[in-house]
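Shared between the two complexes below is chain A, which has chain B as its partner in the first and chain C in the second.
Now for the complex of A and B:
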């Protein structure tokens, strides 16, 4: 029990500081002070996280029914969250200088605390509640201090669709609970493995039971909204356009990261026995998400709308990794080594998430910094014309971020795309034949992905060309303030650093994935039982659960 | 009196789910849409409680139902604030009247 509290220390710290800020909002303090306090809260949480990550894996007492887990993926993900939190607090320097400053920072801290909680959750309830801990402050943040009809429409649209997605997700969880009989993800995995792997393989080939398949589809629908995958993406362009650049940046990163991690935890790692159907759903979703996002992105002239479609397209690339993750958990870790040092499957997805978040926070940071005094935003892409003459540093940073999103080597976006495509190509097919043992579905997906990367590059490079090759029409007075400038420069430097020296990140993710991948299945008693090595296409998963309830 | 089986509860929950989804799709009033969402949430709740009761799975399901009820209340509070502020601008809570954002 104490262990659970220790693991949750960073999140608790953030949430407690958020409560203090809400209490403190009763007193009148200069609005700018609250930003400093929020930054201090992030730093305190980072200290707690450093304490948690100072333990090695052996230090934790094996507690299989624990509702939280700690592994290198969750630690790395939480560091990423805290880094983003610091950047967002810096960016909000001018944005938040209003009467509601304290509430603003409190909501921000709640959102990041929920985002971190998703990484350590090992329970269906905890995952659901932490996703809601992100959503509810988001509704208020979209609505806070903005009175114009557009932002109200954005808040209403986001609210109604988000609540629906949460309800659908909950329905999916309820079916999964009925199927497995528990809410603990480790135990669910073991029960499903026992039920579906030992019985005849015909049932497994058919994709598990109907109940499980319905649960899987509902979970994909609910979390597809969070990551903005295509049939569930309709809110994104409208909401990004209707709200401020700052809020759009939050929406582009926090729900997407949390949704992806939840998808990995609940679907690809847990739903053993549903790989065939899960893989198909993820493949189709990834394909249409990439294509839809990129094609519609080409048509946009509003910068936030364009970035919304770009964030949709990137969700598609991340889903490739989720699809491979399903395949991995069925067949063992064949694709890990095949990609030559790059992280495969789930790891590739997380690498992609990291590179995407870094470039996106920077790009929205540029927009926040360049906003005109009086709250007028950069709306049209043409507003950025000739930016290199008026704000050379911002233009260079923005170009870096856009190049990274487009996947130009050696920026991190390129490594992310490379890892995702390589892991899709490393999947071996059922019947070795025409093309060297590749799985036809994944091969098609990789080809679609590469074509999409080319289409996506068009609209990113169009913005870069506008900024660098044309003469400025006006010289906007930036109102973002020095902290926002510093935050943008920070993320640009970090982006370059990660792009040029990506190896430590690869090593970290590879280690993390082999630690959490079901190659070793954690049984309820806490002992690790190695799974027999997988053979082409089919494998026998022998798991002995000591679960009796 | 014949005992009520688990599948009856699951059926009712599924009916609630479908009703909620249809309500979301057809209602144009923001509060009406919210009611549809509540139906879906309660359908899921019914599933949790029924599974917990009928399959000897412990109390997990019932605890989740409690959490979800509290969560739904929190969401309703935010929803009413948003609807009120929408009304202040548009003098209606017809969701179709919010049509400035498209493209």
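Now for the complex of A and C:
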């Protein structure tokens, strides 16, 4: 009981502060003060998180049926969330200087609290709740203070499609519940592992039971909306274009991160025995997402629309890691984690998410900071022409972010791509004559992936070329305030630091992923043995655990 | 020699520090900046000389094996050592070192920086500090590429060189610079990401084969009940180029399963490596980025691009493809040879048709790099040494050609061949320099070009006569277009285009002034002579004493050739073998120690047993 509260302390702290902000909005305080308070809330949450992460693995009482979990992935992910939260609060300096400032920050804190909760959830219902904790404030935020028809259209579109995707996701979850008889992820994993180790391997090769496959596809569809994977991406370009750069930045990061983590927790780590079908779904999604995003990104002239397609394309790279995660969870001893060195699929995906978020928050920060001479926000790529002459610092930062997204070493984007592609290449089988048989699907995916990186470089480079190689036509105004400037510089410095010295990141992942990822390891005899359960808190949300069936 | 003072790290760090310093002193005036950069470049060159003199090709290590990679410095970069001695995270290191192959390319880079700085002395007036900073960054990147001893480090420097050059072309280039810069970047990037995939796959394959080698004996011994407990410990994957080149051939040789596996995947790996390196070289169908980038780049950019950057491609083949995927080299032999020959002839013919001097030189690069590839892919010691020497020669002579073209352009602001004529009378020094460079480039005996081309063609002749003969015809066309260029521009009646000032005053006379013209334009000044002199001296030195250079390459080349010979697939029979045996060239080549035609090889006598 108390253990669960301890684990959820950082999220609770953020949510509580958000509630206080809403209460406080009744009083009239100068709008800018609220930003400071929100930053204080983030700091308080960081203190809580530091407290939680100070425990070692042995300090937690093991409990196989807990609804929350703490492992190094969730801790690392939450630190990332808090860092992003701080950056976004800084960026909002001018954005929030209105009458609704307090509400704005409250919603922001709710979103980040939901984002963090996904990392700790070990329970279908809790995952769904935390995803909704992100979505509902987003609807309000998209409407808040924006009255033109363009942004209202964007908000409505996002609302309708988001609700639809939530329904689809819930349907998938309920089918998974029907399959396993419980909502606890650990228990589901153990039940599935038992079932499929007893049945012959033919069924595993065929992709598992039909019910499970339907559940898997629905989960992918529901979460595919969050990460903006290709057939479910249609909202993204319109919404990003219709709303402000700040909101677009939030949309490009928070739902994507949360959706990806949920996908990893629910699908690639939990649904053992479905890795053939899971791989197939994730493979196809990854391929079309990368290709679709990048090819359409080539055609854009609106900067936010271009970044929308870029964010779609990057979701594709992350899905490669998800696909490999399925394979890893079945072949624990063959995965890259076990080989020592590079992170396996799940780790690669998360590393990619981190590098993507770092560059994206900075890039949207540049767009928040700058405005066209009339005070309107930057719309067209051409508005940035010759930026290096008018705003050299911003232009240099933006170039760094763009090169990182393109994957040019030694920037973090390169390390993300290194991890993702290495994990894709590591997928292999065994065949009679040769000791290694390459998985043709993953090989093709890797080639498609790197070619996509080259396609992506084309449109990123176009922006860099405009900023650096052309003379300015108009001079953008700095409108974001000093904190926003500081936030952009901060992420640029962080970007350079991580790029040149990514050692702690890799070390953390290598130690982290191997701790939790495969629930089952295949012993040489070919049977599946449940791994010792990860570290869990006590169950707080009363859920029937039915693993005795 | 294990160096105490990390000379290679210094050679990478010095230009980077210089770049930072240049940006700091940018406000104190252009003169300071130039002097600072020049000092930096000369210091780098001195370091390079120390490196060359310290390299001992015959050095043996404790086991009396040749110790080829010298002056190594190594730091753990990614991955930390856990208390138990395990490494957590990927074992990527910041490891640098030179062997007989990279030695000369590093020296070439440091040398060519001097003319590159000198030719931009007056030409770059717009933000010179930034330009020089980028140039120094490029130098650091190039030295890094050639010295990297870690796969990931190599790839990092490989890609990193694109960024400074992108800005150098895009900001300080000619009329069409923006498109040229983007095309250059995207072309190279697209190829290199595939190369990246290939490199990653080599690393992964190595770790699997090493695991297999560890597990195989255990499985044979312990069939009993304890197998479950004794799960073989995984080999920690390595990114070290030296370990990979040493261990992969060993693993492939010892295990039949690994051998079958490697035979099957290595052609694909080769294809992936080929994608990036062939674009960089550039081989025939992938060369379209090159003329554009060369023509639009500022002179210093062209010098470095043609002189050093193209060598990264052929260096990549030599460093990765030949030693790591020898089977695939034999399988792909015909493809590469045909593309090289087509490149030689097609490049030469295109050069013949140009009316822009810089474009002509650019296409001549395509042709000359074809010789280089032809030499490397003759897959024997003679040819590989020739190809390597050709890399140096091409770097020097094309660098010098671009520098002279730049000097001419600085004077007249046009590069149109038609606009010039009889310049010898006006610029005796320049025309002397140009003639020497041209003769070196077409391979006049006694100058450097001859040795490289002859060795390359000879190497190829010993395994395939047809390609060699076609390649030779490229030399003839090469002589044609270069001499024709000299004849049209520097001989005959004096024809000068209007200089910048004159053109503003009068647009009459169709833009061309006959006989007389303007007195304001001078011959090469001291600075420009200084830029060209070291190159000209080196032409003669390499031409007269190629053995000094070949000796240092020899052991490194011999190791590659041994690997190639050991892993020659049975199915490969090349047509010219009987003839090669008759002439003795093939024999030289096959014994792997042969370098240079003019020297007896002690090894061959003892090994010539049936």
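Here is the rule we use: the second predicted complex is superposed on the first by the 502 of 549 C-alpha atoms of A that agree within 3 Å, B and C clash if a C-alpha of one lies under 4 Å from a C-alpha of the other, contacts with A are read in each partner's own complex, and residues count from 1 in each chain.
In the analysis below, a residue touches a chain if its C-beta (ideal position, glycine included) is under 8 Å from a C-beta of that chain, and two chains touch if they have at least 3 such contacts.
Please read these numbers as outputs of a predicted model, since none were measured by experiment.
Once the two complexes are laid over each other on the shared chain, residue contacts for A:450 go to chain C alone; chain B is not touched. By the document's definition of touching, neither partner reaches A:372: not chain B, not chain C. In the superposition on chain A, A:510 contacts chain C only, with no contact to chain B. Contact with neither chain B nor chain C is seen for A:280 once the two complexes are overlaid on the shared chain. By the touch criterion defined above, A:242 lies against chain B but remains apart from chain C after alignment on the C-alpha atoms of chain A. Applying the stated contact rule after C-alpha superposition, one finds that A:183 touches chain B and leaves chain C untouched.
Of all residues in chain A, those touching chain B in their complex are 124-125, 128-129, 132, 136, 139-140, 143, 147-150, 152-157, 159-160, 163-164, 166-168, 170-171, 173-175, 177-178, 181-183, 237-239, 241-242, 300, 302, 305, 549.
Across the complex, chain C meets chain A through its residues 77-80, 86-91, 152, 155-156, 159-160, 162-163, 166-167, 170-171, 177-178, 181-182, 185-186, 189-190, 193-194, 196-197, 200-201, 203-205, 207-208, 211-212, 227-228, 231, 234-237, 257-258, 260-261, 264-265.
Contact residues on chain A toward chain C in their complex (touch as defined above): 333, 338-342, 403, 406-410, 414, 418, 421-422, 425-426, 428, 433-436, 438, 446-447, 450-451, 453-454, 457-458, 461-462, 465, 468-470, 502-503, 506-507, 509-511, 523-525. Residues 10, 13, 17, 20, 24, 30, 33-34, 36-37, 40-41, 43-45, 47-48, 51, 55-58, 60-61, 63-64, 67-68, 71, 74-75, 78-79, 81-83, 85-86, 88-90, 95, 98-103 of chain B touch chain A in their complex.
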